[in-house]
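Should a chain be cited, it is by its letter among A, B and C, assigned in written order, with residues numbered from 1 in that chain.
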Amino acid sequence: MSTTIKPVNQKAWFLILPVLVCVAFSAILPLMTVVNYSVQDIISPERRVFVGTEWFAAIMRDEELHGALLRQLTFSFSVLMVELPLGILLALAMPAQGWKSSAVLVIVSLSLLIPWNVVGTIWQIFGRTDIGLMGAALQGLGIEYSYTGNATHAWLTVLLMDVWHWTPLVGLLGYAGLRSIPDAYYQAASIDGASKLAVFWYVQLPKMRGVLMIAVLLRFMDSFMIYTEPFVLTGGGPGNSTTFLSQFLTLKAVGQFDVGPAAAFSLIYFLIILLLSFILYNWMQRVGTQEKGGAHG
Amino acid sequence: MARIELDLAHAYGRNPKQDSDYALLPLRMTFEDGGAYALLGPSGCGKTTMLNIMSGLLAPSQGSVYFDGVEVTRASPQARNIAQVFQFPVIYDTMTVAENLAFPLRNRQVPKAQVDRRVAEIAEILEMSGQLNQRAANLAADEKQKISLGRGLVRPDVTAVLFDEPLTVIDPHLKWQLRRKIKQIHHDLKLTMIYVTHDQVEALTFADQVVVMTRGRAVQVGTAAELFERPGHTFVGHFIGSPGMNFLTGVAARNSFLIDPVDLPMPPSRTLPPGELKLGVRPEYVSLVAPGTPGALPMSVTQVQDVGTHVMLCASFAGQSVKARMPSDAAHFSKGDNVWLQVMTEHTCFYQNEEIVA
Amino acid sequence: MDKPAFQKRTLFLLAYIVFALLPVYWMINMSFKTNEDILSSFSLLPQHFTWANYKTILTDPSWYSGYINSLIYVGINTVISITVALPAAYAFSRFSFLGDKHVFFWLLTNRMTPPAVFLLPFFQLYSTVGLLDTHLAVAMAHLLFNVPLAVWILEGFMSGIPREIDETAYIDGYTFPVFFVKIFLPLIKAGVGVAAFFCFMFSWVELLLARTLTSVNAKPIVAIMTRTVSAAGMDWATLAAAGTLTIVPGAIVIWFVRNYIAKGFAMGRV
């Protein structure tokens, strides 16, 4: 949220009431159900035993969970490290106006519009060395590429697929943010004799802060919950090298047909994302409103 | 400091054929070194276009711009070394006040000691010395505009400072302070300053010379007094003054002016070209006189506005109306009263085809 | 603009466009082949070009109805999301009130749970109110993640507009609704364009909730596409064709909002 001083007006609650109704209806009721399940052992629809925090404790001790969590954290971190700079570069490179800007906008957005299972399916074929363009090309370059057999290759392929799929999200947000900068800022910077790098660092990047924060949080959360694409592409393999947290949850829930632990895990899952997002959010807010002038003097 | 000369026109399309195709009709103008000028006119008159051509943000479709005799028509604002203050404050959010002011000098690789000294000087002039280490983003709008201005002043060799309606987003009660500060800086530093505005009070108080513009044309350049006393164009008469000049249509003969059915004799020193003319007289110079006084018209009062310090009397005659500014004792008049108002005075001007002829 | 920098930018853009289009091209390539062709040989262009896959989809009602259903609920959802988000975003941007920062962050927390968690509760909820297998159900379910997103994006853009503009409008005599529609909205065009597109996009591709809450009448295209996995194996060709067709509505949406996104903020000149 912006940091300038705003007038206090409690009547503003009326303006957000519609939003609260929509979201609460969709969120609170189901959430309460989940909480309900997470503290019960549902042996059958008739027999439910209250078990308190037993499921939570069991999950925290689970070694496999630790592994999945670590893989997930590494994945999300890599996603942010690649997609953020790449998205910003993309936003800067996209034309500002004319027919070219429209064409580039459409081309760049295509990957976002493909249903996620289709994304996984396309990359499945795309990565095969016998019938896929990328696979064949890599093999042609002499690389023993196999996303089904080699864990590193699988990892990199999943990452590449995610970068291909989601970088445009960062790009589009950044692009819209850039278009919102009034000309006068560029004119003033030109008059002040600023280099292109200085214009980026002191004008463009600060003015994109709002949209970039949204981009970071969105990409972090969505990558932390990623399920369909890696599942379709690698099925979590080879072994469990690309089994991330979401798939792990599903395996536990579906595999063991146990709603109780699954619900408990869901809550923990949610809390982890909440905690990390909260940290990210506050860190970014603070970076934006430091008391001292920026360290890039 | 520089002397700016303009000899140009600017049109939007490729082949301008008529006046309405031009944003700026062909003009020649000189802005003397160290002068304070205002470009005054309503929205769309071309004043901002002219400013942007002077600053280098826009190149004219025809003609040239000269700075101290050197042609700079296609040169960038940076190359012309000008400073521009925009309608809303443009500052670098991530920097402190000091860093903002230092920015243009740092980009030129000026040594640190010199930068610091210069920044301190300018901050002193702007009365912001105590705020140098505050983040610029947290300041009020008027302080941010001062920083914008300061970034322009910090370069010792700045050629001109151009203002594009800089008080637009400033609180009304702070406007006069900022205006006063700008005028003071002009007085102290003797920079060429050009100020675009649609507010005549701003223009007339700031500038030595005001360029009045309408629809792409600069209709008159003059001091505040000249514009008030002898408007060269009916537009200037309308626009300057509050309310503007009164205009009465009539037919002129050599020694008299006929506003049907009254014939106003002209004093011997003044002669008029024959034909249909407009008589222009400011409400400030219309006075109440005895019936039958030469040069006065019998009028019927239509409205009396008591403004406290004076009374604005509106009256009509033969379908034409006149506003007169009267002292407060005229408040006793009411609608329908018959008064004689003297419109032929030594301050009265005559216009043919909107241009002044006598 | 210095020449070398300009060329670097264009090169990068071209490189990215190639990167973005390669898998899409591969998908389109596949959509014009038969399954046998896909699985047996590697060819940059279809060796036996066929329209059969598209014919299947466009003539079979159980296929193309999927597109129509998706379009309906995605449209409803986008309209509702943006409509309720606008006043809320304005409130967050312009005013300070009790609990504002917390509510703002809470909104985003609704995107922090894998949708799988909500499947059962949502199913029970909509079943209870008798809205199962309706477009409205999916549209409403998707409000969960789209409304917070719309509020976040719009608030960001609204905060970029100086409050002086609001105040000047009130002084000039505008009522709030007129000011909002005639003055404010045009200034945040880019934000509205982006928010609308993202709402469309996230709703369009969402599979789990859409599949769970529908069965026959409102079955979306994303769910129908999973039919391509059967005992006989994966029907790659039809899936590729369906996938290609899926891009079309979204591309149209972004084409429509392109002017919103690209024009951005234009400070009026007096």
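Everything below uses one rule, namely that a contact is a pair of C-beta atoms (placed from the backbone, for glycine too) under 8 Å apart; a residue touches a chain by one contact, two chains touch by 3 or more.
What you see is a predicted model, and the numbers here were worked out from it, not measured in a lab.
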item	value
From chain B, the most remote chain by mean C-alpha position	A
Of B-C and A-C, whichever chain pair has more C-beta contact pairs	A-C
Gap in Å, rounded to a whole number, between the CA centres of chain B and chain A	55
Geometric centre distance via CA averages, chain C-chain B, whole Å	51
Intercentroid distance (Cα basis), chain C paired with chain A, Å	15
Chain C: positions in contact with at least two other chains	267
Junction residues of chain B, two or more chains touched	87-88
Residues of chain A whose C-beta touches two or more other chains	4, 182, 184, 207
Chain A to chain C touching residues, read off their complex	1-2, 4, 6-10, 12-13, 15-16, 18-20, 22-23, 25-27, 29-31, 33-34, 89-90, 92-97, 101-102, 104-118, 121-123, 125-126, 130-134, 136, 164, 168-169, 172-173, 175-182, 184, 196, 207, 210-211, 213-214, 217-218, 221-222, 225, 227-228, 246, 249-250, 253, 259, 263, 266, 269-270, 273-274, 277-278, 281
Residue ranges of chain A in contact with chain B within the complex	4, 182, 184-185, 187-188, 190-195, 198, 202-203, 206-207, 290-294, 296-297
Touch list for chain C against partner chain A, complex	2, 5, 9-10, 12-13, 16-17, 19-24, 26-27, 30, 38-42, 44, 80, 83-85, 87-88, 90-98, 100-101, 103-105, 107-114, 116-118, 120-122, 124-125, 140-141, 143-144, 147-149, 151-153, 155-157, 159-160, 163, 190-191, 193-194, 197-198, 201, 204-205, 207, 221-222, 225-226, 234, 236, 239-240, 242-243, 246-247, 249-251, 254-255, 258, 261-267
Touching residues on chain B, where the partner in the complex is chain C	43, 48, 87-88, 141, 165, 168-169, 198
List of chain B residues in touch with chain A within their complex	55, 57, 76-78, 82-84, 86-88, 90, 92-96, 98-99, 103-104, 107-108, 133, 135, 138, 148, 151-152
